[in-house]
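In the two assemblies presented below, subunit A is common to both, partnered first by subunit B and then by subunit C.
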Partner chain A sequence: MAVQKYGEQTVMALNGDEAVAWAVKQSNVDVVAAYPITPQTIIVERISEFVHNGEVDMEFIRVESEHSALSASWGASLAGARAFTATAANGLALMWEILYIVSSTRVPLVMAVVNRALSAPINIHNDHSDTMGARDSGWIQLYSEDAQEAYDNTIMAFKIAEEAMLPVMVTLDGFTISHTLQNVSVLPDEVVSNFVGERKIPRIKIPTIYGEKEVPFMLNPKYPITFGPLDLYDYYFEHKVQQNEAMKATPPIIEKVHKEYGEISGRSYEPVHMIPYKTEDADVVIIGLSSTMSVVRKVVDQLREEGKKVGAIRLRVFRPFPAEMLRKELSNFSTVGVLDRCISFGAEGGPLFLEIRSALYSSPSKPATVNYIYGLGGRELPPKLIAKAFNEILEVRAEPGTPIVKYLGVRE
Partner chain B sequence: METVWRPNIKELARREMETRPVESGHRLCAGCGAGIVIRQIAMAARKPLVWLNATGCVEVATTIFPYSSWNIPWAHNAFENAAAVGSGVEAARNKLARVNRFSNDPDIDLDYDVVVVGGDGGTYDIGLQAISGAFERGHKLMYVLYDNEAYMNTGIQRSGGTPFGARTTTTPVGKVIKGKPLFKKPIVDIIVAHQIPYAATVSPAYWNDALIKFRKGLEADGPSFIHAFSTCPLGWGSNPEDTIKIMKLAVETCVFPLYEVVEGEYKLTGPSIAIAKNPAKKRPVEEYLKLQGRFRHMFKPGNEWMIEKFQEWVDKQWEMLLKKAGY
Partner chain C sequence: MSTPMLGWKELPMGAVAFISSKEYPTGEWAVFQPKIDESKCIKCGLCWMYCPDSAYRWDGENVPVPSLEHCKGCGICATECPTKAIEMVRV
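Coming up: the complex of A and B.
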């Protein structure tokens, strides 16, 4: 009776930011520390309303900067709270120093990032240069296609973060998703509350004068722990390798949490790391992130009607990068088009392209790859341009020497 | 808050030996004032502490992995954000205690005071915004500034807390410009402008006065700020054995007067009261300056004006303080 099981959900008209705020409201979050920035502001406004109307029992620290937002969230989490923050673009850039400190101290924060272009010139609209700039900071990154997924990812992120003891970034596209109303299926409060539970404090073994003891991994006068010590060349390297191992161990956790979430919501986003569309018999595919991919799927449908064997793959988890899975998934196509909504100055392509091309280097069949950089600063990507890209990559094998990095939708 | 607490040094020393909040064997320099400050904070506390530290000498010298001097729960995040981290800890404690979150877990204690510690770089300069934010929001935490008057941890560079004339590696004594040409930022006045319940200055040499103020700070009904003077033999070019003497002279010359600001009201404390009542007790700044290599150039022929300028500044600050304190 699966239908009845999910039938208790309420369909609400929410934009992406509101969907995130609802997820936070339902996820037993103890402390939120955040600072307003377009297009994230609706998240902090809605959370403020929930707090001021007594609909939720959380401490909301209205900090004086994003740097302090992440710092205060870190302190709250170390003190035993489930903590959340949200930002965008320049706010994320201001947090950069603390991003690394959060992940390296294994503090399981969840942060929503409403993707927006980085200054200069200042621009409030969507691209992915903010979170792509944070790709090496040790955070798990989940990219959401729509408001529903932003809601679902935020709830799942708390479980993933606390199980992996690593922070999670949930992203959603600025304005396209953050400010666009959508029907969102919202789970009953108690269902989400039971799903995420209250924050459980992990135990770690520490040496004491009475021998080794398992103690709560938090700031706690009963068993004092020193967090954030000076760590020099004699240990730092090993700690970084351990951190990387922790990150590499997260895919099964991410998959497990999605499966569990599917059981309560009917939405498990399988196969979790990437979602293929009409790829079974495709010659070429376009792979990309977030809201653009819904348009790409429409174009796939149109081109299929013309008899063209095209498909699409939406990557949901960018960190940890599912290189092995992508190698398996992509090896059978003749050409892979990669959509990057971000520019990596001076590199041979955007960040997603570089990772995919690198993954495919050790694939025996080595599909051709073409990078399309698009949509910077909120520039639209109309279906006809996506169709143009598909038609180009259908020809790439036939035309050796085709440039591998192109701009889509720019005046040249 | 108790109106009068008379610290019993024997009892406090015994308790310190038993609980060892800050273990010996840390790598702070001989004669470092900050080492005294942190022990005094721990001695003054009645409740357990959770301690947040900005990047700086105390952090670097007490936590070299795999060792730690701290038998207090202690966390360091970065240089400029210790007050923000303290805000998060305080908010989390409030929420978790309110809902009795860990009441069934005998291994977790949520009944503690929050102390945030930073040096002059982390307070006057890079951390000022986070402190201002935390104080505006009213978090109940005690922020302690240990002021050794330069970026000592990175090798003696000038900060907003470096006094006039002092030689640092970024204000060298050159042929044209000799030492720092600017004066200290009035940090306590800046903090007091936030209208917090309690602020005070502390010279660890006057331990009785210091302990009372640390306790008042910890038990204030809201944010509190303690400006602790901290001799740095390495950076100041002073003899380690003169640390306490210099800390006393700073007060006796009115370079660093002792006072507290309770709900906006300035009150002198300790020897500063006696000097206010009897100005003859105020000693000339030369006595303080001459013990420190960082001021040595001021005693060379032709540089007398620097000592005069230093004295003028001290006199003016002292007069302003006397007015604020009702003298």
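Coming up: the complex of A and C.
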């Protein structure tokens, strides 16, 4: 593939949802089955417009629910299509059963999830309780900071998914990203089309009692195979371990695809799994996900001017969880503040905090950790509150016996 | 079953089935199984057509033969048989 100069990109005013729709439009997608839900609706609207106007060679399936949306996309993908769907919050919750079926049958689907709070009470604004709840469902999760990254992640997701043979969730913050206009550099159609290519179907060897046979990994009447058969105590455990090991083997694929994407776009998001900011000489850092981290970096700049040695790390890949990389990255700080835009009810902290603290338990120089749960249901996290958190963690010098878990920006 | 138990490294991905359901003798579940009175059978093939487990063998000419190692004994064939040639007998 010829390397394209990224000077050929067109800067378009797109919101996050439109950026995702454009990425889908350019990625040789065969089937989209989706059901609209705020704040994901614009993705579905734009894609259906592209289909209606004949701008894409794509089948748009109008379904009656998110359960059907994911089921139809799954079926299309099993039949060999490149498929895409999108949802948010309660829509994702309705997909629950199929989330596991998609990942367990190793179907390389891509789904955009526009992060929104879960009901009840009903709230259409951003937090991460939807995708965090799906963290154990076997999907790779990429968290996007802005509309540009939502566009880039969606394109890369198809390649990652098809190489890993695992589904990928691309997330973007509801309204903050999904409905906010931004200058987005859009690659030429043919560059993206060449980058993702046509979907290739892997072949698998099946040890039948009549001897081994090799068949394409898809639904094909010529080579009949069964997906999702009854699988009890004699084999289910082996299949789950196999799935988990496949998930753990994906970081090199994710890094490779980012590198290749960097060559055509100039945006490789290195070092891919997490992006440090002013951490070289920092005493303390705050780590978190998605759009909030751009504000955190601004606060880092302000506090640096006051002479405070603070830094920030934005995690981009939450699944598979890069525990080993985080251990290396975080071990040298005295304190790590962890931002969770999600509550794990009854747990000792938010999901990101629990996994980071667990990763650091085997670090020789255990940094202290402090958890901040913030921004539920779209609550703003203003810079002064982030500064307050930084000033607090600058005071914490040793890992306490009981974790410090605080709410940031809530009334008592 | 004579197939050796495979480990996770040996299994095809995605938990696709690798043993045919032919090898799974679901007939062991049956309490009742069909017995055909060949003198009443008009060889219409309805039993073969209706069987939800495809347990019947039929060449299109002779009397259909239920494969008892796969028949779970649901009795649909006996209900559908227009000449009442099929009797469900306790196994």
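Here is the rule we use: the second predicted complex is superposed on the first by the 397 of 412 C-alpha atoms of A that agree within 3 Å, B and C clash if a C-alpha of one lies under 4 Å from a C-alpha of the other, contacts with A are read in each partner's own complex, and residues count from 1 in each chain.
Convention: a residue touches a chain if its C-beta (ideal position, glycine included) is under 8 Å from a C-beta of that chain, and two chains touch if they have at least 3 such contacts.
Computed from a predicted structure; not experimentally measured.
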{"item": "Which superposed partner A:I101 touches (first subunit B, second subunit C, both, neither)", "value": "first"}
{"item": "Which superposed partner A:V284 touches (first subunit B, second subunit C, both, neither)", "value": "neither"}
{"item": "Partner chain in contact with A:W74 - subunit B first, subunit C second, else both or neither", "value": "first"}
{"item": "First (subunit B), second (subunit C), both or neither touched by A:E198", "value": "first"}
{"item": "First (subunit B), second (subunit C), both or neither touched by A:D57", "value": "first"}
{"item": "Subunit B versus subunit C as contact partner of A:F227, first or second or both or neither", "value": "both"}
{"item": "Subunit B versus subunit C as contact partner of A:Y235, first or second or both or neither", "value": "both"}
{"item": "First (subunit B), second (subunit C), both or neither touched by A:D30", "value": "first"}
{"item": "Which partner reaches more residues of subunit A (counting touched residues only), subunit B or subunit C", "value": "B"}
{"item": "Shared subunit A contacts, counted only where both subunit B and subunit C touch the same residue", "value": "105, 225-229, 231, 235"}
{"item": "Subunit C to subunit A touching residues, read off their complex", "value": "2-3, 5-20, 23"}
{"item": "Touching residues (chain side subunit B, partner subunit A) in the complex", "value": "48-50, 52, 59-60, 63-66, 68, 70-78, 80-81, 84-89, 91-96, 98-99, 101-102, 105-110, 112, 129-130, 132-133, 136-137"}
{"item": "Residues of subunit A defined as touching subunit B within the complex", "value": "30-31, 33, 57-59, 61-65, 67-69, 71-81, 83, 97-98, 101, 105, 198, 201, 215-216, 218-232, 235"}
{"item": "Contact set on subunit A toward subunit C in their complex", "value": "104-107, 165, 204-209, 217, 225-229, 231, 234-235, 238-239, 241-242, 245-246"}
